[in-house]
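Next come two complexes built around chain A: one with chain B, the other with chain C.
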Partner chain A sequence: MSALGAALVSADLLLQGGVVDLFSGLVGVVLDGLSKAALFVLIASGLSLIFGLMGVLNFAHGSLTMIGAYLGGVVMVVAVTGETGGLTRLVLFFLAIAAVFGVMTAFGAAMERTIIRPIYDRAPLFQILLTFGVVLVLDEVARIVVELRGMQPQSDWQAALGTAPDFLAAWYEIAGVSIRGLYLFEVLVGALVVTAIAAFLTRTRYGLYIRAGSEDAEMAQALGIDIRQAFTVVFGVGAGLAGVAGVMLMWDPRYGASVPLGVETLLIGFIVVIIGGLGSFKGTVVAALLVGFTDATMTWVFQNHVSFPGLPEMVMFLVLVGVLVVRPQGLFGLAEVGGH
Partner chain B sequence: MYGSLIGSPLGDEFAVLLPRVRTMIAVFYVGLFAMSFDFVSGYTGYLSFGHAMFYGTGAYLVVMAANGALPLVGAETPFMTLLVVAALLGAAFALLVGSVSFRLTGVYFAMVTLGFAEVAHVFIRNWDRVSDNPRDGAAVTSPDGFAIGVPGVEDLQWSIGRLVGDSVENAFGLGIELGTAELSYYLIGAVTLVCYLALQRVLHSPFGRVMVAVRENEDRARAVGYDTFRYKMGAFAISGAFAAVAGALFAGYRRSVAPSSTFDLFVTADALLASIIGGFGTLAGPLYGHLFHETVGDMLTTESGGLARYLRETLPESLLTADVAGMEVVAVVNVLIDGRAELYLGLIFIAFVLFVPRGLLGTLRDRLGGTVAEAAAERLRRWSP
Partner chain C sequence: MRLPLGGRVVQLLELRLAADQFVDTLGERHLAEHRRAVVGVRPVLPAFGAFPFLDEADVEEGEVVALIGRNGVGKTTTLRSILGLTPPREGSVRFRGEDVTGEETHDIARRGVGWVPEERRMFTHLTVDENVRIATPESANVPEAFETAYSTFPELEDHRGKEAGDLSGGQQQMVAIARGLVGDNDLLLVDEPSEGLAPLIVEAVADAIRTVSEETTVLLVEQNFPLATELADRYYLLDHGTVVDAGSTEGVSRDDETIRRYLSA
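And now, the complex of A and B:
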């Protein structure tokens, strides 16, 4: 009875508040959803590439993102002073992305050569275990370094957040909705990265190797492709992309550079990659949009109707569970990838 | 035993190396949790990455029941009953999660169980019935300890807990004196032992054989006529039940729960570490694995008796203030050793996955050519006249 009453009251409110509120609410959700989808695709694309070719689910992906966030933060905090202009900061930001991508790619390639390579022959379980061990080590190393610098590893790195130019940190009014400039910028960066990866996959020789290797690694090898080298390159690029996602998150006040960022982004990455279908880049992009809009909608519902703070996260995981039940291989995944 | 070693001339060194009684209690309940994890993951080959949710279920049940926050199980429910309720609840949740998750295999199974655990984690962090501030968990408000013992016999029940536990001055008239820590140790140890024997019994039954068959070749097990889905569900339910019992023991002893100590991914990681180090697919292995974990943790703790404190007190002053790459040795000790167990455990864990995939107990069994008990008996027999 009370539920019916509440429904009647809210319907009443909707009529009184008019269509304008509903419209601005919708615009807000769309903008928020787009910015989140852009972040999610950044977080998940590296994970998706690696799994697609190698069948390795890299648990350390989130930790690589976290380290990328700190590295990007270091570049910005060192290079930016109070007088640095907005445009210069933007240029520095893209330099930081390039630098972090380079460093993390090298790190990922080294990681593949030393510890991932020996376990390709073993059950998929061992790949999970091994990369999870890397999580433990990387998180603790990050904690040690951060504490050595006299900072708090659990909370966001405020100095890095402060290096964002004013015109991105400011709020803008769009169709009656105020949105932070940074969130629109994220959509731009996300679109850029998606375009770059798509071009890499379809226009370059390595992209061809990866697509061939994802279809059938043995056949590709038989045709003369050095699949081992391709593995190293792809693992490196995947790690590099994780680093790029970290640099973007370092500026975002909803995330920020901190050690727990690793697990937070890892879980998001899993949700997106699995819903999209492990190994399908198109699936990853679609899933990022789906999960981003789910997150945005549920955040709006929480802010306006339901007093349960964990709602967006919980619904995201429920979407994951639902998709896995209906379509275990994900929206665009191939059935045989990832099983035993 | 412990007392005599600590009292010996090398007492300082033993204090660094040996686990304390308080640590051993944690070895029991986390060890039981790790065993339940290994029971399903190590024997059926399905990696239950969200196992912490069952542990957390048991832990929250105890604290919330004691605070009167739950229907049906009121604040007056005896602890032994709570253990049984926890087991039933854990099994029920496992069946619920398993009915969805066992449609999948391999990596996907690990992912979806992790997904369920995260849903539970988010839920428990925001459920206002837990306490006023569910993000920080809840504590038992009543001053009474949780009693373990023979149900219905008032004289054979003792309370566990660091502060509220009972102590016995003259156990069974044998002149043995047990402090609160020692008594809790034996009581929790007894429950763990009973659970271990029960799990061991299942593994040695025809049911356990089928579990191993699922791990080795599920298609073949199905081909010879076993309904593997039902066996997997059964194994998962048993595993969930004992994980919940372990969580209930944890909550009964610590008397407070927090999301980070129960439902967190890193709680599952503890079971994972223990299983891999101790021996994946050996039931007793995880207990030793966690003993190893806690011993390393104890050595690198910031509290007294740790390696850092020992080095600071034992090394000569000149060495402590000497420079290593621009830093004083004492600073290096503080940064690299004090409370850094996770780092070294992570490295050890990676080394085990790469080089010792069968773990301590598994490798030992490979060397001996059978279980330790069998091989030891065999050797003794050879030496007897």
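And now, the complex of A and C:
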């Protein structure tokens, strides 16, 4: 009995240890995945709504996130000092989010009015060239400003990191896994924004206009709907959401406020929007979850098993390629979007 | 038969459109073979090149007026010009005596001009209810609009929660007309309502237009000549950019010399 029994017991122990490891690993991946999905949905929903309604693929979307990150950082760095109490920091933090949302929404609306509006009726190439030009301008302006302040545009803004309210900087324990407060907060914001957008689209009159306009803007106009105004509103809110995502990315050790953040988030936004199906909000949410979990899983694999830092990004692109091969219009995409 | 409201004839719509309005957007080519239509009968000004500038097409309150003519003479473009979707390059559109040329489409629509477009243009991913609701002006009462729509088209009542894209062609046409009906419109522009529908369904759609025309003035584009003359009080016959004939539909037949000439292919 003894030899067999000992073997069984040790196998059992091994298995138990393995299960515990696997379980905590799984919880870690789920939490990481959820927080990434929440960020991705914030970045991509504006991109998706704008494309759905106006048929414009906004290359400058990532740059808006990058500017949002710096703007949020500016508010916090200016307002928060070493003596600032926890509660004040918290209030300032929400003020920073509100301010960035306001400023970026106004900026997006102004951008739509001045430069996007004249090219709606042009070929998509014009829109791509124009918004790509905006990327170059915004990134260069950001680089100049950042360098004038004596900071490194390529690396994360360290001073901003220290301004996080306590609950974001703290670690919490969930099912044996430690997780940053920030990540939990990201999940919360993501869930709130998804719920709010879904309710806006399905429950409000204006949301109805947007859904109708996404399918046939001309018909919507002929029913007395000021669709151009809806264009401005959607472009503005999309830009505002991108900015809010930036504020959270500023503190996120996985990202951080830097000029290259724009391109990095734009790429993620495109992957999410294309996988979900251009113009489908439901698709964007599902794809953000898919891409978030893929990223989290592959990051875990990279940290524990495979020594290849490019793994998460590579697998995300493989998922993208796979979806495009099987379903070129994306998971929830319609054959035709951009209703004008 | 004219149905002047309040016992007097009120001019609702007056069109003055340049002939070259109907040249394709590239403009410079195919002028000869491109069909140009102008609503009107009397040349007023010499305009672009050889194409005269014409006027005097009008629609009076309470009437049903049909625009007839072969494919491509610009009947649909005329309706689009009224709505500002294809803004008149020259000429003017007057609604209730006011010049609405160059106004934004949604402003023209809010003045009380409704559109039942060619191919129905459903919002296919919205439900029937949502299609009706979106056509209801902001100030109007939505439950009342539903009541109006579904009492006029009882058949739609059972499909209220369905996506409009899942309806049959005839049902979609009814939704399209219902959208025009609940829009509190004084003038309804109805484009090819019978197109692509089975004869039995066409009869139902014709009934619907008859019902609607009791409330609203209708400018109708219709290929089906007997249907057009049956529904309309007056007609304008278009060809090659001009109105070649106009008058009351009473006693008009397809065999009439002018009509046969301009309608046969």
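Simple rule for what comes next: the second predicted complex is superposed on the first by the 319 of 340 C-alpha atoms of A that agree within 3 Å, B and C clash if a C-alpha of one lies under 4 Å from a C-alpha of the other, contacts with A are read in each partner's own complex, and residues count from 1 in each chain.
Just so it is clear, a contact is a pair of C-beta atoms (placed from the backbone, for glycine too) under 8 Å apart; a residue touches a chain by one contact, two chains touch by 3 or more.
None of the values given here were measured: they were computed from a predicted structure.
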Label the relationship between chain B and chain C on chain A in the superposed model as either fit or clash. fit
With the two complexes superposed on chain A, say which partner A:Leu136 touches: chain B (first), chain C (second), both, or neither. first
State whether chain B or chain C is in contact with more residues of chain A in the superposed arrangement. B
Just to be sure I read the superposition right, which of the two partners does A:Lys282 touch: chain B = first, chain C = second, or both, or neither? neither
Considering only the touch criterion stated at the top, classify A:Phe270 as touching first (chain B), second (chain C), both, or neither. first
Looking at the overlay, does A:Pro328 come into contact with chain B only (first), chain C only (second), both, or neither? first
Is A:Arg254 touching anything from chain B or chain C once the two structures are fitted on A? First, second, both or neither. neither
Going by the contact rule set out at the top, does A:Glu313 touch chain B (first), chain C (second), both, or neither? first
Is A:Arg211 touching anything from chain B or chain C once the two structures are fitted on A? First, second, both or neither. second
Which angle, to the nearest 10 degrees, do you get at the Cα centre of chain A between the Cα centres of chain B and chain C? 90
First, second, both or neither for A:Ile119, with chain B first and chain C second: first
Once both structures are superposed, the least CA distance from chain B to chain C in Å comes to 14
The residues of chain C that touch chain A in their complex are 83, 85, 104-106, 109-110, 114-115, 117, 121, 123-126, 130, 133-135, 137-138, 179, 183
Spell out the part of chain B that touches chain A in their complex, as residue ranges. 45, 47, 49, 100, 103-108, 110-112, 114-116, 118-119, 122-123, 125-126, 218, 265, 269, 272, 276, 335-336, 340, 342-343, 345-347, 349-350, 353-354, 357
Listed in rising order, the residues of chain A that touch chain C in the complex are 205, 208-209, 211-212, 215-216, 218-228, 334
If you look only at chain A, which of its residues touch chain B in the complex? 57, 115, 118-119, 122-126, 128-130, 132-137, 139-141, 144, 147-148, 263, 267, 270-271, 274, 278, 308-310, 313-314, 317-318, 320-321, 324-325, 328, 338-340
